[in-house]
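Next come two complexes built around subunit A: one with subunit B, the other with subunit C.
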Partner chain A sequence: MTSRWRDLGLAGLGLVLLLLVPVFGAPPAIRDFIMFGMAYGLLAMSLNLLIGYTGLVSFGHAMFFAAGAYAFGLAMQSGKFSIPGAFVLAIGFTALMALIVGAICVRLNEIYFAFLTLAFQMLFYNIILGWVSFTGGDQGLMGGIPRPKFLGIDLADRTQLYVFCSVAFVVCIAILRQIVTSPFGYTLRMIRDNQERAAFLGINVIMVKLACFVMSACIAAVGGILLTLFVSGAYPNFGFWTTSGEAIFMILLGGSNVFLGPLVGTVILRLLNDITVTYTSHTELVLGIVILILVLGLRKGPLDLLAERWENRRQAKAQAVRDAADKDAQTGRDA
Partner chain B sequence: MDLDALLRCVGTTSCVVTQLTSGMIIGMLLFLIASGVTLIFGVLNVINFAHGSLYMIGAYAAWTFYQLTGSYFVSALGAAVAVGVLGVLFERVLMSKVYGSNVLMQLLVCYAVVLISDDLIKIIWGPVPLSMGMPPEFRLPPVRFMGGVIPPFYIFMILAAMAIGLLLWLVIGRTRFGSIVRAAAINGPMVSALGIRVNLYYAAVFGIGSALAGAAGALAAPVRSLTPGMGFSILIESFIVTVIGGMGSIVGAFAASIIIGLTRSFGSIGFPLFVDGVMFLIMALVLIFKPSGLFGRAHR
Partner chain C sequence: MTSIEQRRASRRQLLKGAGAIAAAGLVGAPAISRAQTGAIKIGVPTILSGRVAILGQSSVGALKMSFDKVNAEGGINGRKIEMVVRDSKGAPQEAAKVTRDLINNDGCQIIIDAEASSAAFAVQEVIREVGVLCIHTNSETSSLTADPKLYVPTAFRTARQGIHDAIGGGDYAAKVAKAKGLKKWATCSPDYAYGRSNTAEFMEYAKHFDGNITVVEETWPKLFQPDYTEVVTKLLNAKADAMYSALWGGDLVAFIDQANLYALFEKQASFMVNLGDYGVVDQVKQFPQGVYSGGRYNRTVPPTPENEAWYLEYVKTQKSKPTNWSWENAVGAQFLIEALKKTNGDTNGKKLAEAIKGAKIKTPFGDGGTITMRAEDNTTINYIIGYGLSLSKEPYISDFKTSPWEPILELEKQWKKKQGYAT
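Take a look at the complex of A and B:
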């Protein structure tokens, strides 16, 4: 119970820190960077619920990111929904989609799972590209997303939008934290480590995986909604396979075994992108080489490596303390 | 939705012949790529997500060889060999390092290779789509058959792909090399304990799979436009083919390629917007009712 209060306290602290950024009059470039970071951060964090905690390597997670973005954008453009209504609708739509895709995919072993999610993502992407009259095709949802006031909140105002996104972001992170620290979260880890044993203990592995898949998709959808609100549009590349690849790369960069690792990875990748863009137009080449160096050189993410070192050192220290205690006991008996 | 058009087409032999050949063209290209994917998966138990890039490199290599030599046959052979060598290098230098680790690492290596090769293609050949044009060897009058018109290159392409497929099937099924490869697929460490350098066989299988993709690229070069992203869309379709046919089964890949090819060619008349959807529907049905695929052995 205490750790739960601590987590909620930390979430509150994070929110306060995020909200302090505009108070100190940070330049718009930094605020934009944070907003992009929150949207893509939710994508990476939600994907890590699948990859890091459940061992489901999804290569198609960006389809839910795009689904949230498009469903929200289309609902708002129809003019029939308020922002909270469209928000709920977009999450509901994404959940339904994840339920259908998940029902087909989660039964399969991990290699099948990886490329079937990829295949479904390309189907979704092709639908977005092909259904020009509805989605705008490769132009994306043009004409801006209307942002009518609700409950006295005006999201057309940059600062209020920032506050709204920060709150939504922190709430989602807190929900993710609750999921991974709950018994359900430990069930996920057990499935990751030993699926057969989990099944022997009476866990319905497929249902748990499916539930996890849907939850993760909903969080990704929130990321997509935030991005839509921020750029006032939705574009097909939200759901392109490279977006999924980037999300996986963010997890690698930040580490899948540290709860906030993917978020750190998001920040690193966005910085890396911004830096390489200023020097060369061949960002993909640079990105690819960085991935190869990390995967073949370090064999894991830099943060995972640090966490492992730290854990090893702690255990070595504990071992040393135990050894010393044993020795004391030994000498005590000898005496 | 234009099912009337589809019915009208099925009613006339000329339309059926035309659509059959175009379906076979799509199917045979898919077959060459998917058989490489399925072979590599069956033996090495890894999915090569970068297989589409090998196809793309094959097409670009054939284009360059064709500019240099002027002979289509030489450039097609050259492209297949070059991509095969590239595949062996890819396996030895990168993929073999992540065999033991989890899927995530394999996925990331392939993702990196796709990013790098797409960008290198843009640097070397430029981002503008290229086209090879029909080689002079095939600038012959089209063959007329039951009212349908078939370009000679299409016939060559279908026959070449079938010949390659048959050769592959014979090599894997009937030779000593093939039996060692099949043994390595079932139990690699045991094969290596018998004194066979199994790593060489792994590299060879990867090379053969890559050469198949290179050959597919070379065969596609005269009839498709060459763009830096051309590998990825065909990769997805070849995955669908391997799932329908059954992972590891070359015969399955052949049957499923024809199913998908015909779905695409006839579907583009009857339901152009839903062709992708129908392909996925077929795949989903196979996964639900026979998860190991039409010709797959045990479900892994």
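Take a look at the complex of A and C:
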């Protein structure tokens, strides 16, 4: 219970820090960077719920990112929904889609699961491209996303949009944290580590995996909605396999064993992208080299490495205390 | 010289940005500050990586050449023009972010959007919000300026429009079809919105001008498809009299190289809207002779000293040949320079937009030497449209027929009504 309140307190602190950015008059580019990072951060964090906590390596997670973006964008362009209404509708649509896709995919493991999710993603991507009259095809949703006021909030105002995105982002991160620290989260880890043992203990592995799949899809959908609001449009490449690949890069860069690792990876990837793009057009080359260094050199994400060193030091200290106590006891006995 | 200012400014701005974000208690992000110098800063989001990077580079080359000339003459009221170029990789969301960064971070007062279509629509939405002047120089998708729902008062287009090419091309194709009895047609275009809409519009207008034309086979190879054997076989089996293709870039190069193995171009008349561009000409192993080629950019079209001089200057300064995107950017730069002269260097979006609306410029790429920025929908008209016959060696195109603009504009009006863009 204590750790739960501590996590919520940290989430509140994170929100306050994010909200201080415009208060301190940070330039629009900083806010843009953060908003962009929040959208992709949710994609990576939600994917890590599958990869890091459940051992389900999905190659098709971006389809839910795109599903949220398109459902929200289309609902708003129809003019029949308020922003909260379209928000809920987009998450509901994505949940339903994840339920159908997940019901088929989670029965498989490892490479079979990965490739089936990739296949569903490409199917979804081709539907977006092919259904031109509805989705705009490869041009995406054109003409902007209307942002009518709701509850006095005007998302056409960049500062208010930033605040809205920050709140949605922190709420999603808090939900993810509650999931991974709950008994359900520990069940996910058990499934990741030994699926058969979990089944022998009476856990319905398929149902737990499916629930996890749907939850992570819903969080990815929120990321897609935030990006749609940011760019005022939704585009097919939101759901292309390269976007899923980017999310996996983010997890690799940040680390999958520490809760906020993918978020750190997102910041690193976006920073690398934004900095290298000002110097060279060979962004992918730079990213490739960085990832090679991490994979071959560190063999884990930087946050994972820090966590491991912290743990090693903590254990070393504990061992030193135990050794000292043993030595004292030995000295006492000798005396 | 125009400075494609990337390295120096970015480092300075990076430090400022890092300081600002550190104050907010977060990790640093690149860059932030409005330009304080007297230079006129123009942001150019474009594609500099991937399969179409050569087109992005040819866009930047043409812009650089135009602005260098102005700067060499002293600039606009003594203010130099600086370009800040950023690679968006052609991704719409990156293009939107890069455009916002160029304005908010690099202090650009004007945007020349040298993006392909999908990213251009994303840039258009940024411009709607920020209100700076924007010239879309490469997007040929008609709806960008034709659809009143997408209209942004400070956004203009100096690229070709798909519908103009379709009407002009349809008219030319119908004339050839009548003269040579080409009744059965096949199509081979990329399977995405551009390919499908371009082909549908071309065939619609070909049928409009010649009622005997029927389409007997349609093939839709995937974008970036490496193997066209199946497509070529289908086209051969269709035994059509003629074929239309909207393939472009690397796809067109791969298709021609593979179709040559089956002597496809000798068995039927072929019409290819994107063939006559140096980017394709220089890449194809065996450039086909006698194919009806759409006008993109060629040093002999129009055969004027001005066009030849522009071509030679481009090759000399940029060390490469210009492409279709080059002339479109050169026209965009010229409209902008003329507008800046009218506003005495004032970069206010509304003032520049007023100066560009309805303007007419003298240019080597205009039909009759001029191009007009149509006031009603902020898009250019009177640029050169037409078809010619391909040659396997320089100048690669012969017997070029320029399409007259009067019927194009008349039929465009009807098309707009049909699309619900006009009443």
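Throughout what follows, the second predicted complex is superposed on the first by the 335 of 335 C-alpha atoms of A that agree within 3 Å, B and C clash if a C-alpha of one lies under 4 Å from a C-alpha of the other, contacts with A are read in each partner's own complex, and residues count from 1 in each chain.
Simple rule for what comes next: a residue touches a chain if its C-beta (ideal position, glycine included) is under 8 Å from a C-beta of that chain, and two chains touch if they have at least 3 such contacts.
Just so it is clear, the structure is predicted and the values come from calculations on it, not from any experiment.
*Asks:* Once the two structures are overlaid on subunit A, check if subunit B and subunit C clash or fit side by side.
*Replies:* clash
*Asks:* Under the stated touch criterion, which partner chain does A:282 make contact with: subunit B (first), subunit C (second), both, or neither?
*Replies:* Both subunit B and subunit C are touched by A:282.
*Asks:* Touch test for A:308: subunit B only (first), subunit C only (second), both, or neither?
*Replies:* In the superposed model, A:308 contacts neither subunit B nor subunit C.
*Asks:* Touch test for A:131: subunit B only (first), subunit C only (second), both, or neither?
*Replies:* Only subunit B is touched by A:131; subunit C is not.
*Asks:* Quick check for you: in the superposed arrangement, does A:193 touch first (subunit B), second (subunit C), both or neither?
*Replies:* In the superposition, A:193 touches no partner, neither subunit B nor subunit C.
*Asks:* Quick check for you: in the superposed arrangement, does A:119 touch first (subunit B), second (subunit C), both or neither?
*Replies:* Only subunit B; A:119 stays clear of subunit C.
*Asks:* After the superposition on A, what does A:27 contact: first (subunit B), second (subunit C), both or neither?
*Replies:* Only subunit C; A:27 stays clear of subunit B.
*Asks:* Per the contact definition in the header, classify A:248: touching subunit B only (first), subunit C only (second), both, or neither.
*Replies:* A:248: touches subunit B, not subunit C.
*Asks:* With both complexes overlaid on chain A, does A:104 touch subunit B (first), subunit C (second), both or neither?
*Replies:* first
*Asks:* Considering only the stretches 92-100, 128-136 or 254-262 of subunit B, report the one that runs into subunit C.
*Replies:* 128-136
*Asks:* Which subunit A residues come up in both lists, the one for subunit B and the one for subunit C?
*Replies:* Overlap of subunit B and subunit C footprints on subunit A: residues 282, 284.
*Asks:* Flag every residue of subunit C that touches subunit A in the complex, lowest number first.
*Replies:* For subunit C paired with subunit A, touching residues are 6-7, 10, 14, 17, 20-21, 23-33, 48-49, 53, 86-87, 89, 91-93, 96-98, 100-101, 104-105, 117-118, 121-122, 125-126, 128-129, 141, 143, 147, 149-150, 192-194, 196.
*Asks:* Which subunit B residues qualify as touching subunit A in the complex?
*Replies:* Where subunit B meets subunit A, its residues are 41, 45-47, 49, 94, 97-98, 101-105, 107-109, 111-116, 118-120, 122-123, 232-233, 236, 239-240, 243, 247, 273, 276-277, 280, 283-284, 287-288, 291, 300.
*Asks:* Which of the residues in subunit A come into contact with subunit C in the complex?
*Replies:* So the residues of subunit A in touch with subunit C come to 17, 20-21, 24, 26-30, 32-34, 36, 129, 132, 136-140, 142-144, 156, 227, 230-233, 235-238, 267, 270-271, 274-275, 277-279, 281-284.
*Asks:* Show which residues of subunit A lie in contact with subunit B when the two form their complex.
*Replies:* Within the complex, subunit A touches subunit B at residues 51, 55, 57, 59, 104, 107-112, 114-116, 118-120, 122-123, 126-127, 130-131, 241-242, 245, 248-249, 252, 256, 282, 284-285, 287-289, 291-292, 295-296, 299.
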